[in-house]
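In what comes next, chain A is part of two complexes: it sits with chain B in the first one and with chain C in the second one.
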Partner chain A sequence: MTTYSRQPRRGGLRRGEAASGWLFTAPMIILLGLFLVIPVLMALWVSFSDWGGRGSPFSGSVNFVGFKNYSTLLSGGGLAEQDFGTALKNNAWYVVLVVPLQTALALFLAVMVNRQILRGRGFFRTAFYFPSVTSSVAITVLWLFLFNSTGAVNKALSYLGVVGPNWFNDPAGIFHFGATSGPAFLEKSTALGVPLWDWIGGPSVAMFALILLAVFTTSGTFMLLFVAALQNLGGDIQEAAMMDGATGWQRFWRVTLPQLRPTLFTVLTLGLIGCWQVFDQIYTGTQGGPAKTTMTPAYLSYTSSFVNQSWGQGAAIAFILFVIIVFFTLFQRWVLRERAVSKRRMRQYTVATTAATSTPVAPAMAAGAAADTGEENER
Partner chain B sequence: MSTETGLEPRYTRTRHRTARGIAARSLLYAVLIAIAVVYIFPFLIDLATSFKSEADAAGDPLSLIPQTWTTAAYQRLFLSSDFPVWFKNSVIVTLLVTAGRVFLDSLAGYALARLQFRGRNTLFALLVGVMAVPGVVLLIPKFLVINQLGIYDSYAGMIVPLLTDAAGIFIMKNFFESIPASVEEQARIDGAGPFRVFWSVVLPMARPAVITIVILSFQGSWNELAHFIVSSQSPGLTTLTKGVAQLASGQLSQGTQYPLKLAAAAIMTIPVAIVFFVFQKRILNASDGAVKE
Partner chain C sequence: MQRRTRWFTAGALAIAGALALTACGSGFSGNSSGGSTSNGLTKSSKPLTVLIGSSGDAETKAVDSAVADWSSSSGTKATVTVASNLAQQLSQGFSSGKPADVFYLSTDQLAGFASNGSLLAYGDKLANKSDFYPSLVQSFTYNGKFYCAPKDFSTLGLIINTDMWKAAGLTDADIPTTWAQLETVAKKLTTPKHVGLAIGGEYARIGAFMTQAGGNLMNATSTKATADTPENVAGLTEVKKLLNAGTLKYAKDVGAGWGGEAFGKGLAAMTIEGNWITGAMSTDFPSVKYQIAELPAGPAGKGTLQFTNCWGIAADSPNQTAALKLVEKLTSASDQLAFSKAFGPMPSIKSAAAEWKTANPMLVPFLNGADYAKGVPTAKGSADVVTDFNSKLESLATSDPKTILAAEQTNLEALVK
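And then the complex of A and B:
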């Protein structure tokens, strides 16, 4: 009985697995293939074509135009280039301000909310996380009300003796500090059709209101990622640091933060990817105005295609955006890479301690791996 | 914690719990409460303003108590606008997408985690690659395919492309890998086929992960805007997000109409708020999150 009656049975257990494997994954393959892979290829073709939105992009009347759509955007010298440059400028400032602000705020909130002595931790977490679950449309509607010229924000500012700006109608760059025109050399020289003076002007006041919105809605999500990571850290390194007489401040910067590096990387990456895709808020709130200062590449790609019927250009913008996102993700990965401890640092360690506390890297990685599995739940 | 190492710091900490400790703690609470007010207050303003008259909303935007309570905004929304249609469409889309994702994500996740077949690893690698494509980049591409397939401006075009998502499959795969294989082996020896094993043995065990998918899909599809913009155009197929966005941008009406808009925003927040409060523990207690249970 043992050998040959078992053998076929074994085969029976595994038989049909390949078939059902493909069967089980077939819906996924079809759906993702149809609505993710093929679309990308199709759009790639459109970005090299002169398709005008009518009929099939594969019909005989549609021509291959090479890099024309791309060159119009990047060096055409016309309105298309100027709009694209403006959109890039706006979004770049948005990224530069939102990513650090939301990360810092999320980390701060997580550390605060994670304190054992704090009562009402549940309440605070709920309060900080709630904006993250609501739709961007609802929040934008609310923001339009709060930040209108006679709205709640300006009313609150007036109690402090500050005259608030006309937020969503103010195209002035916040780093121009009220100056209406800059030195000639900055006004004359341009990049992507946009004067350097505008590039350095920072986000417009209107865009700044959207920046606040982004920080408001995403800090809660990222706070949860940090909380998860903090809870996975063992207490022993902290205690060892305490024994060595490190203050709370030192412990945060020298012990906790290095251990959070993997989560920090996740948060920065997700933040960066998300920030380059601002669309909902613009569509709902500002439609790119005032004076195109809240125009973003994502929204420009939409209007170029769906409103102006320049489908090739719209698709080209989408692909340039894709390249930008990939580039910055890789760049960030490179900046935040695990470096070998520098010689000078190393000397400090060997002089100061013997062995026990000098290698926070291994536990940090373990915590990171644990945090990674926790993170998927939240997104 | 070993007692000996724990003793010393704890001792110093208790000594700190004097005047300085109390001051520090009060400061902590003050800061957190101030931030919490900033986070909560906007939503209270939203609710309050939706019950105000137009003049009151403009005149005193900060007050949480309407001078005269009125449900005019809600009456207009429900009785003389397309709002009920938008709501209905959002419900239809969200329920179908959530159901589809729970089933298809777990099916694919199970296959990728457990079933042995050639090409499985390649498939998984492709899935990870697909996850990296930013959604906004797909706006135009998706429209092209939906249009080409002839399902533009239909429920099919709005729902089918959302029926599965790479991130959800990823979560389910991770979860199934954490379940001991012995349970399934037993069922197989008893003669159950792969689908039977999946449906009656493994899926019931995956409840925590399934709930995670439910939460994410519900939130994701209820709040989705961009996809509906590119997949439909007729007023009868407008979802809440699209309808309210157009209402806000003034495409549908003139004047500020803040009470009306804020009432719409408040109502569209309720379903996700309910889901959030029902599953609050699971969402917020990040460390013992769904997948690890």
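And then the complex of A and C:
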């Protein structure tokens, strides 16, 4: 407040500035308001109404129904709940597998193409980034051909003596390992209308092919973010660590990775949001099949609105998805927050530093390296 | 404090301005049908828009020329638009209050659009109403009102690869007329190279077995769930039996997208498909010789499923009178026979049957099916249940038909409550 109070309230030389400020931002505010804020608010209203898809959702014949649409989805006990549960299950496994895999792969590729000794770095960078700039529809179609039951992937597997699955038509959960039915207590107890046995079954073989697709396409994008971050890191810390005798492995985990924390957060967040919203691949590729194992909340929201005319439910799914994404983003922020060095690790340094009579030690250094310097100082 | 109020005012202004802009679009007017009305139908000089979901160039051209003919004789302008995603484009039209006047409408969408009031129930005003097959009229009746004129229809038949048939030493006398005979020929036709019978693993094919046993998912008017009847169990059990014998396989399990593809590629000696297979065979697999037979009878006699679309007219159309005239012309015998010639479906009116049979001697079994064909459920939300049913049918070989049907019974009962 104090910083602003120095400015004259009104009048004076800067009189017109606020007005022109608003004027310059107005186009964007109007565009965002018109195409983002208002539609979102309208959808929120629809999710609480019985609007059937004809005419305005604000007309007199549309009624407020409270949380009816939400309760049908979350505790209705009918097909709507089962479908929503199945969609959540599918997408949860998708997220659980895609986000870590694509982040790890992106980081690995970034470290590789960032190495000074690698010849033709530009070529590799372009090659890895290429899938990201190709349209997702084109890649999905390519994937459908590759993972056909008689496609290239199964052909390649056959050279290894493996009979490949009928990828996009196989609804079996990969963590069921071929078992068709589970123990009774897992089959009987359900969450959101879906038996626990199905929840723990992992993604279906078909979904797994889509997981590979997502990792293949998005790791290039995130590689680029990591490369940018890596190039911003100063070489001096690396050198210092090298001088202290840290191995390449230690330098990566103890020096490079901690410095990449902000980028890591960005990549994980973007990956998480993208994964919960997966739609294109389902719409163009599998339409939710086989046996609904590639149905995702985003796709379910589309079909319940446009195909079934259950617009309220479709909008409600979208908002539940919104809450899920916000929750996981906050959770991730909490996990990746800057933390004080833990007591256990601190103890390692204190042992070394007391021996070294108050020599300042870079906290990023490995404990062993710290002990070495301490000895040198004693001499 | 003052900053905050100013922010608030600015935000409110922005939202109000944007709201005003949306209102200017006039997209959300409650009732946009202008003009005078005669016998409950709107009438004006506005041109008509026709929205179709086309199977290809042949269909687009045929509809285009039929509509153009009507346009020049009636003096009302009409344009045909091909939708890339019919359900989505219809929904957008209805919610904006400016829908297409006349459009294709499938049986599973009827209930959704009829219940929110988007459709004009004009069936009883049709001059040729009594000419339509009654079972088709039933498919487009919702809440006791005949909504729209059936455009055309298809039934399922047994498609047989004649070369494989002869190679297995079978003759015309062996064409199966009962389930037992079907089992026998399917076994004879199964070789290491191809399976006897390949079908899509979904209700739209397997359901035929349920009707042959005397059942179906819902009753004829889609007002009562009849999924868990012993008849349906018998139908599914028969399919399960064939699956486990290895003489019947789902198309996807032989690496094909649908039954027609499996059949055309020679992966199966027989398949169960509808009229549309003739188009695919002539364009994609012209060298395969085949013949068409009626589906074998089950314990309750002959049975097949029929699929149909209708010409919907929008409740918000400003010129319903002209739209009705157009639909009457498009469902006339001459137009339907022209459509049939161009892209294959069967005329939805009885008066065109004889001529159609002489024109298509090979396809007669499909039209014979019209006598005993049953429709798919049309209750609101039944498409979802069918999808769910399909997902369970994929594992029919290893699961219990009774359990599957009991689950669908519960789902269907929830719809008609």
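Please note the rule applied: the second predicted complex is superposed on the first by the 329 of 379 C-alpha atoms of A that agree within 3 Å, B and C clash if a C-alpha of one lies under 4 Å from a C-alpha of the other, contacts with A are read in each partner's own complex, and residues count from 1 in each chain.
Here, contacts are C-beta pairs under 8 Å (C-beta built on N, C-alpha and C of every residue); 3 or more make two chains touch, one makes a residue touch a chain.
Model, not experiment: these values are computed from the prediction.
In the superposition on chain A, contact of A:Leu157 is made with neither chain B nor chain C.
Looking at the shared chain after the overlay, A:Ala127 reaches chain B, while chain C stays out of its contact range.
In the superposition on chain A, A:Ala179 makes contact with neither chain B nor chain C.
Looking at the shared chain after the overlay, A:Asn308 reaches chain C, while chain B stays out of its contact range.
Once chain A of one complex is fitted onto chain A of the other, the partner contacts of A:Ser56 extend to both chain B and chain C. In the overlay built on the shared chain, the residue A:Ile29 is in contact with chain B and with chain C. By the touch criterion defined above, A:Pro290 reaches chain C but does not reach chain B. Residue contacts after overlaying the shared chain place A:Val37 against chain B and chain C alike. Greater residue coverage of chain A by touch, when chain B is weighed against chain C, goes to B.
Legend: residue contacts after superposition of the two complexes on their common chain; A:Leu330 is shown touching neither chain B nor chain C.
When the two complexes are laid over each other on chain A, chain A has residues 22, 29, 34, 37-38, 56-57, 148, 150, 305-306 in contact with both chain B and chain C. Chain contact summary for the complex, chain A toward chain C: residues 4, 22, 29-30, 33-34, 37-38, 52-60, 78-79, 82-83, 148-150, 166, 169, 171, 180, 288-292, 305-310. Within the complex formed with chain B, the chain A residues making contact are 13-14, 16-22, 24-25, 27-29, 31-32, 34-40, 42-43, 46, 56-57, 109, 112-113, 115, 117-118, 122-131, 133-142, 144-146, 148, 150-152, 155-156, 216, 220, 224-225, 227-228, 231-232, 235-236, 239-240, 242-243, 273, 276-277, 279-280, 283-285, 287, 298, 301-302, 305-306, 311, 314-315, 318-319, 321-322, 325-326, 373-374, 376-379. Listed in rising order, the residues of chain B touching chain A in the complex are 1, 5-6, 8-9, 12, 25, 28-29, 31-32, 35-36, 39-40, 42-43, 45-46, 49, 57-58, 60-62, 104, 107-108, 110-112, 115-120, 123, 127, 130, 132-146, 148-149, 160-161, 163-164, 166-167, 169-171, 174, 185, 188-189, 193-195, 198, 212, 216, 219, 222-223, 225-226, 229-230, 240-241, 244-245, 247-249, 256, 258, 261-262, 264-266, 268-269, 272-273, 275-276, 280, 283-284, 286-287, 289-292.
Of all the residues in chain C, the ones that touch chain A in their complex are 3, 10, 14-15, 17-19, 21-22, 27-31, 87-88, 91, 94-95, 97, 109, 112-113, 115-118, 252-253, 255, 315-316, 380-381, 383-385, 387-388, 391-392, 394-395, 398, 411, 414.
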